[in-house]
Amino acid sequence: MIGVISYLIFFVTVASILSIAVLGLNLQWGNTGLFNGGVAAFIGAGAYGLVILGGTAQPDHLGGYGLFYPLALLGGMIVAGILAWLVGILTMRLRHDYLAIATFGVAVAFENFMRNSDKISGGAKGIRGFERPFEAFIGDPFYFSIGFFIFAMTMLVLVYIFLEKLIRSPFGRLLRAIREDETAAQSLGKNPGSIRLKAFVAGSMIMGLAGGLYATFYAFISPQDILPTLTFQIWAMLIVGGAGNNKGAIAGAFLIWGVWTLSGWGLSRFAPLEAQLYAGTIQYILIGVIIVGMLLWRPQGLFPEKLVVSQTGDRAQS
Amino acid sequence: MLDIVLKTENIVAGYVKGLPILHNISVSLPRASISVIIGPNGAGKSTLIKAIAGIVPVSSGNIFCGNKCITGMRPDQMGGVGIAYVPQTDNIFRTLTIGQNLDLVLRHAGVEAVERRQVLFEQFPPLSDKRNEKAGALSGGQRQMLAVAMALAVKPEIIMMDEPSAGLSPKAAGEVLQLVRDLADGGASILLVEQNVNQALQFADHCYILAEGQHQIDGKANDLINDPVIGQIYIGGKRMGAA
Amino acid sequence: MASDILTTRDLTTKFGSFCAVDSVSLSLRKGSITGLIGPNGAGKSTLFNTLTGTLKPTSGQVFLGDADISGLSPDRLFKKGLVRTFQIPRPFARMSVLENVMLSPAQQTGEKIFGSIFRPDIVRRQEQEYRTKALEILDFVTLDKLADQAAGELSGGQTKLLELARVLMGDASIILLDEPAAGVNPVLTQILIERIEELNRRGMTFLIIEHNMDFIMSHCDPIIAMAQGQLVFQGTAEEAQANKTLLDAYLGAPVNA
Amino acid sequence: MIQHLLDGILVGSILSMGAIGLTMVMHMLRFANFSHAELLSIGAYAALVFDGLFSAILPALATSIGPLSLTWALFLSIFIAMGLTGLSAVLIDMLVFKRIRENGHELSMVFASFGMALIVRNLISLGFGLKTRLYTEDIVFAVRLSDDPLILVKPDQVFVLICALFFMAVLHFVLSRTTFGYTLRAVAENPTLAQVTGIRLSTVIVITWIIGGALAAAAGVFYGLNNQINPVIGRDLVLPIFAATIVGGIGSIYGAVLGGFIVGIAANMALVILPSGYSPAVPFLIILAVLLVRPNGLFGEERT
């Protein structure tokens, strides 16, 4: 029984963290129309940022500043934001497919950099031994996982509320206007370049938050965790859920993560031993088939975008 | 009874679904003559011949070439029924040489290239001189000449042209229009869109006037040449001295 | 001179070697409705795009009042009071009609990420103020009943009215309309004309490109005409209709038969 | 230094062949195809299969050609791989891209190519295993061209370079001398006018996929010959091939060739100053540099 519960807790915790990343992507793509092909880099920036800033002293590479956890988490988000800002000022004016390629390149380059710069990131073996907040205090790993589960869920709810507020605010209205027709928005006095950059940075910082939580959960980060295929997985979640709809984005994350773990479990349980080595391979094929299948038969996603009306004030009063 | 080689019956057409630019247009093109479509900006002149050429989708109505219904045929099949179309701009391949432009058309029409090309070069000496130059380097008039030569290459019965004289010097425009007249006298049936109303009425046989996507008036070109209604359609009101 | 709101001096816009707008000097009287006409390819749209910042002039200047606004981007011009609509309307299709209009005001606190989250009181006050104003404007252009519909569902004519409403929401001093009556049914055209004239009575200046000559001839004064990139005529409707050069520009030079 | 240059030219020729197909598809169908590099993997593995098959049926074919490690069996397999890969590209288009293209959204194609890349790459892993493979276990010693500086060249490298140049020369001949080549150029320049001149677009799209697939297959085999074959060839080469395409300008075939050499040489020359682990990031830096200085590439035209 405990086994099932702790598995469920694990499942929902990771799903919540992934949901946060998908919400960040939804802000960029669903709400603003920015094609980010390098999601993995921004998740990675948040994760490495957190571990380096908040970790304990490391002998052979950067880090060990032992920053107070919330500050370290924020620091990771800021690292992701700075990366996004640098990439953004170079690429925001590009056509969609160029933007996709350039950001995909960011993810490749980021992973490559982390794998090789032993002095900064610990290289291929990554950074281990992150001291999770309250872990020592709580002691029992089961209770810690419950605690972290609540924390991750809380963060997801906070991010969700933040984004819902944001897209219903005049800022959200502005983003949608840019997505719908940049030229018209510019003729109405808006500066599309700077608004797209803001949305790109904000979305990337949310991905950075997801990365920070991910690294906290596993107390470990390595280049293996931020391979460019991670980007495809996050995209699959958004496509399945329905771009432009935050609830859909979360549902997509839970669904795809569910399919992923369920298929992993099924393979380990029923597939012959020699096929076990290929569990990941089969799972990736599944993800690919889901992406392509959705685009062929239900391109708007399971939960299509609804017309959002951004009015902070109470309509009944007018 | 005129021998009609091409006609449209009440066609409705537009680039975007549900947003027709043409409303119930019926025109017919008699054999071995020039019909010209004129009308103010945005009247749907170009759209009409693009719809006939299969480039703009037709949502209702029919197009007949002789007795054959050609509604909905793809542009690349038009050569097969003897229709050639010369777009207004970008009507030659700039990165290919003149010879290559002609070879390309001839190959896809399945015509014996070498001989036919020679005939065309004799017909258009300026093109012959520059046959190995990139078409992008030609002057405006020569480009138009090449575009016409490409259309003629496959010996079409019907030639549709979208403002062949646009952007040309008066001399070059005159030459192009004279070429069109010669073609019609030689038996071709020609449907033209023209901007220069006075000139068009001068050399065409038959004229259709479109405005706001609707058919306004038609008639013999010579009868319309001094009709004040044309001035009204273009700049409105009762023209002084014409009333 | 003091009454001229928009002035150009030798404004020239070239595409490669092709001169689409050729040394145009014009001035628009404050409070006028100026009609801009000319045959296809005369350079009207290019002039329009140059005035509104979509294209950068190759040479020459544009002045709004006394300020040199040559080459400013459209968003800067909007803030200075020079606004435009589009020939093919560009509504924000998946946004409500009301939202389309409420987007316009500049300097909205809620348009900043922090402002939208941390200054709810200011945002709410502004939103209420903008909504009231937006609904008034929608009422003015007769779209008030459609306020909650998606803008993509409007008819072509209604989107033209919506574009007018959007620019009215800013602090415009001069409005450039690109073929406002094209594709619009007579009823809506009539509404559009009435609204333009009403705004004009309140002091708004208009520059209008239009092919519907009845529209131009009966509502615009003065009328200016372009042909081959140059200004060829400036005067009243009667003068325009009697003008030989202008007719030739449209119909082509008469051929001696 | 010179060694790096030579290696760079070799890698460049492989990237060029990959980029030619990608640039044609990106220009004609207007989408960034993230699955194009997987065609190299398909080609490499198709050649591996037929190499084994031929060697088993006719052991005489399994002998090396001259000083090369390449056997006659593999040599024949290259052409079969080119054909099969071309057909696979057409099949993928018919099953997926064509149907999405007809449904509308331009960017859906990019997502679909994400999905196809995952599917193809992992199907190959599933079929052939995750382990790296070699066309031959024989070790061919490099020829020492000079001792100071030390410059080594393997006979296979020379063969690959010659073959790559041969394929490019054939393509150049086709494009500049045959009406078939004019057709391809005409469609690239102006699809609407091409249709009016009697060209059927859907046929040209099929041919483009075949050419792109065939060249990618050859590139895949050559890559395998000089390095090794594994299911992640596509993953490793997708960015350099995109970089070559962007450097050359999307739609420019000659640009893609030049872009391939520039990226190949730059990535190898970077080894002079950077540790080797960083070289996968070099294409990204090249992309950024080109987009900053010449957003349309060296030969590209502005796209609308």
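In this document, chain identifiers A, B, C and D correspond to the written order of the chains, with residue numbering beginning at 1 in each.
By our rule, contacts are C-beta pairs under 8 Å (C-beta built on N, C-alpha and C of every residue); 3 or more make two chains touch, one makes a residue touch a chain.
This is a predicted model, so every value here is computed, not measured.
Peer 1: By mean C-alpha position, what chain is farthest away from chain D?
Peer 2: C
Peer 1: Higher C-beta contact count, B-D or A-D?
Peer 2: Greater number of contacting C-beta pairs: A-D.
Peer 1: In whole angstrom, how far does the Cα centroid of chain C sit from the Cα centroid of chain D?
Peer 2: Spacing between the chain centres: roughly 51 Å.
Peer 1: Per the centroid of Cα atoms for each chain, what is the distance between chain A and chain C, given in Å?
Peer 2: Centres of chain A and chain C (C-alpha means) sit 43 Å apart.
Peer 1: At what distance in angstrom does the C-alpha mean of chain D lie from that of chain A?
Peer 2: Measuring from centre to centre gives 32 Å for this pair.
Peer 1: Can you tell me which residues of chain B touch two or more of the remaining chains?
Peer 2: Chain B, residues with two or more chain partners: not present.
Peer 1: Can you list every touching chain pair?
Peer 2: A-C, A-D, B-C, B-D
Peer 1: Considering only the defined contacts, which chain A positions touch chain D in the complex?
Peer 2: 35, 37, 90-91, 94-98, 100-102, 104-106, 108-109, 112-113, 115-116, 228-229, 232, 235-236, 239, 277-278, 281-282, 284-285, 287-292, 295-296, 299
Peer 1: Across the complex, what residues on chain C touch chain A?
Peer 2: Touch residues, chain C against chain A: 52, 54, 73-75, 78-79, 83-84, 86, 90-96, 98-99, 102-104, 106, 108-113, 115-117, 120, 123-128, 131-132, 135, 148, 150, 166-167, 170.
Peer 1: For a test of understanding, state which residues of chain C touch chain B in their complex under the given definition.
Peer 2: Where chain C meets chain B, its residues are 37, 39-41, 156, 179, 182, 211, 213-214, 216-217, 237-238, 240-242, 246-247, 250-255, 257.
Peer 1: Quick check: in the complex, which residue numbers of chain D touch chain A?
Peer 2: Those in contact with chain A are residues 26, 30-32, 34, 96, 99-100, 103-108, 110-112, 114-119, 121-123, 125-126, 130, 235, 238-239, 242-243, 246, 275, 277-278, 280-281, 283-285, 287-288, 291-292, 295, 303.
Peer 1: What residues of chain A sit close enough to touch chain C in their complex?
Peer 2: So the residues of chain A touching chain C come out as 162, 165-166, 169-174, 176-177, 180-181, 183-191, 198, 202, 305, 307, 309-313, 315, 317-318.
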